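As structure tokens, the structure follows; a few thoughts come after it.
Each chain gets a letter, A, B and C, in the order it is written, and its residues are counted from 1.
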Amino acid sequence: MVRRPVAQYGGTGLPLERRERRQPFAEPGSAGRERKAARDVRAEVHPSATVYPGTVLGEGVKVLENAVVGKQPSLSPRSTAKREPLPPARLGDGTIVSTGAIVFAGTTVGARVILGDQSCIRERVVVGDDVVIGRGSLVENDTTIGALTRIQAEAYITAYSTLEDNVFIAPCVVTTNDNYMGRTEKRHAEMRGPTIRRGARVGGGAILCPAVEIGEEAFVGAGAVVTKDVPPRTVVVGNPARVLREVPDEELLENQ
Amino acid sequence: MVRRPVAQYGGTGLPLERRERRQPFAEPGSAGRERKAARDVRAEVHPSATVYPGTVLGEGVKVLENAVVGKQPSLSPRSTAKREPLPPARLGDGTIVSTGAIVFAGTTVGARVILGDQSCIRERVVVGDDVVIGRGSLVENDTTIGALTRIQAEAYITAYSTLEDNVFIAPCVVTTNDNYMGRTEKRHAEMRGPTIRRGARVGGGAILCPAVEIGEEAFVGAGAVVTKDVPPRTVVVGNPARVLREVPDEELLENQ
Amino acid sequence: MVRRPVAQYGGTGLPLERRERRQPFAEPGSAGRERKAARDVRAEVHPSATVYPGTVLGEGVKVLENAVVGKQPSLSPRSTAKREPLPPARLGDGTIVSTGAIVFAGTTVGARVILGDQSCIRERVVVGDDVVIGRGSLVENDTTIGALTRIQAEAYITAYSTLEDNVFIAPCVVTTNDNYMGRTEKRHAEMRGPTIRRGARVGGGAILCPAVEIGEEAFVGAGAVVTKDVPPRTVVVGNPARVLREVPDEELLENQ
């Protein structure tokens, strides 16, 4: 997804100055071209941002005020585990990490992605190209987000979720992954976030119970509480959510 | 709303030192008065905050730790538009931008407003005097918020919303503005946030569907999902919301 | 709860350098031991963090990027009250204040607590040992949180709430404390958050109306809107919430 990583941070995790770096494969002797190349590969890191060593920033990446990129998860003070550090975060060309946003190590973000202000992407997440993650939203660990998916503001995407391409998550959507809320041993085996298929849309403030599947091109109404799978191209509403009708032709992806 | 803008930043967008500035219209020769005036016009900007050039700060404005004021919106990496930069943000006398909060350029905030910790106010928003925006809340672009309105913590006010004076938005309220969730061409024409009339109150975690009108002095119960207009002075509850009763006299604005 | 406060900040509230301090009771003359002791008592404060003077940090406390600890509440610009400054914040041994998190003065946090990224703990809160406060969550003033309680991400815990030990709050839970939403004089006397008894669990996006009591080992389903007290060991679901069944034996605390 990050096809041409061109910059790798070797710093200390302290705030960094804005840097210009030369494209490593720029042709020597072609000064004009070199200058252009250099301009292309510039990543802009605001002086108040923190980018950890090893982080890979694609061409034209911007890291805005107070953003933190490549942070390792904190080991719980009760944990006795010795965890290996995660590999560096990787951000594709043209991606923007907005003000106060956080990207953990071990995560790969595609090209032309916007990570909104004050958002947070945990470790081992894979984010496709042209994704938008809204302001204040959280994407938990071990989640996959397909290309062109849009997650609006203040949404919560739980760990172990799968969102395919062209999904639309409205503001303040809530997802869950544990029917036992921290009890029983079997919960560890059963813990699973939602699977949201290609082109599905989930309305504002809707709540998805653990492990539900939202079918292709399905539509979950605002405020619905989804307790079981939603068939493809189906509109559901209410608490608990029930089927209302079919998604009209004009709203299908292929007709946009 | 910002009646006496007295300070205009000409800086670089980098963290600023705390500054004292003289009131430009202080009478020369009246030293005691000058000192008082100078004290009045002081704006306090924490060294870790970022205030962009041109931002207008009224008397006694405080910008707390890591806050960012006057930021331009990021151009989407896919956008080919050449957008003019927005005019600077303007903050009225006595307004506080709390820790980690963000105010975009193009926005005008009245006097004695509190923008809570980690909140965010997007571009082209107009905020009246004596408003409170709770911690973590987001007010999207092109929204108007009347005087004395209180938005509690973690609320989401969508783009193109109108909140009149003396509105009360409880914590975690969700608003929406697009019935098509990103599909169809006609959605662009129909996109509209809620209109919340003078003195209306919206309960914790309630969800407002696109373009609904909440009447004067109406009361939306906690957790209600409002799918159609709510008449003035009416209490609604449930999912979908239905009328329960009238707001009692003792709770009307005029009886406070 | 904070048994051995070993470090007290006397700084200026400006960003601090990482510091090493000697354990005050290290035995002189025992160089090897001193070194070990010094290592134990180290509190790590990221250079971009702000820790206010007087804040008490236990052994091994970590304060991560852009976090703010010990902040005084802002006096409303309309307020004429002269408030005494609150006593310093106190953080127990091994506690972590994650990236962008805020802890107010007047609050005491136990040992081995994790305050998640971008979370916020207001003034006069008491947090027990081994608590987790999830990313982005807000705990309002004058609230008590018992040991081993876990509050997941993006939850909202209102002022004057009581959470006992071993409580589980799922992501995006909403609590409230004012049935009158800012109107009437009697609201001040009646304002009360929820009481959540030992071992109770509250599901994702659930909403608790003011002053409800959630009984010991009770279970509130995802998306429920709780309008009245929930008996111990009872499962409730829906809007408004109604009783569904009893919590099964295997999920009780004593059987974990």
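Assume a contact is a pair of C-beta atoms (placed from the backbone, for glycine too) under 8 Å apart; a residue touches a chain by one contact, two chains touch by 3 or more.
Predicted, not measured: the structure shown is a model, and the values here were computed from it.
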| item | value |
| --- | --- |
| Copies chain A and chain C - rotation angle from C-alpha fit, nearest 5 degrees | 120 |
| Equivalent interface positions on chain B and chain C, same or different at half | different |
| Between chain C and chain B, distance of the C-alpha-averaged centres to the nearest whole Å | 27 |
| Residues of chain B whose C-beta touches two or more other chains | 48, 66, 100, 118, 136, 154, 172, 205, 239 |
| Residues of chain B that touch chain C when the two form their complex | 47-48, 60, 62, 64-66, 94-96, 98-100, 111-114, 117-118, 130, 135-136, 150, 153-154, 168, 170-172, 201, 203-205, 219, 222-223, 237-239, 250-253, 256 |
| List of chain B residues in touch with chain A within their complex | 14-15, 48, 50, 66, 68, 71, 74, 76-78, 100, 102, 118, 120, 136, 138, 140, 154, 156, 158, 172, 174-176, 180-184, 205, 207, 209, 225, 239-240 |
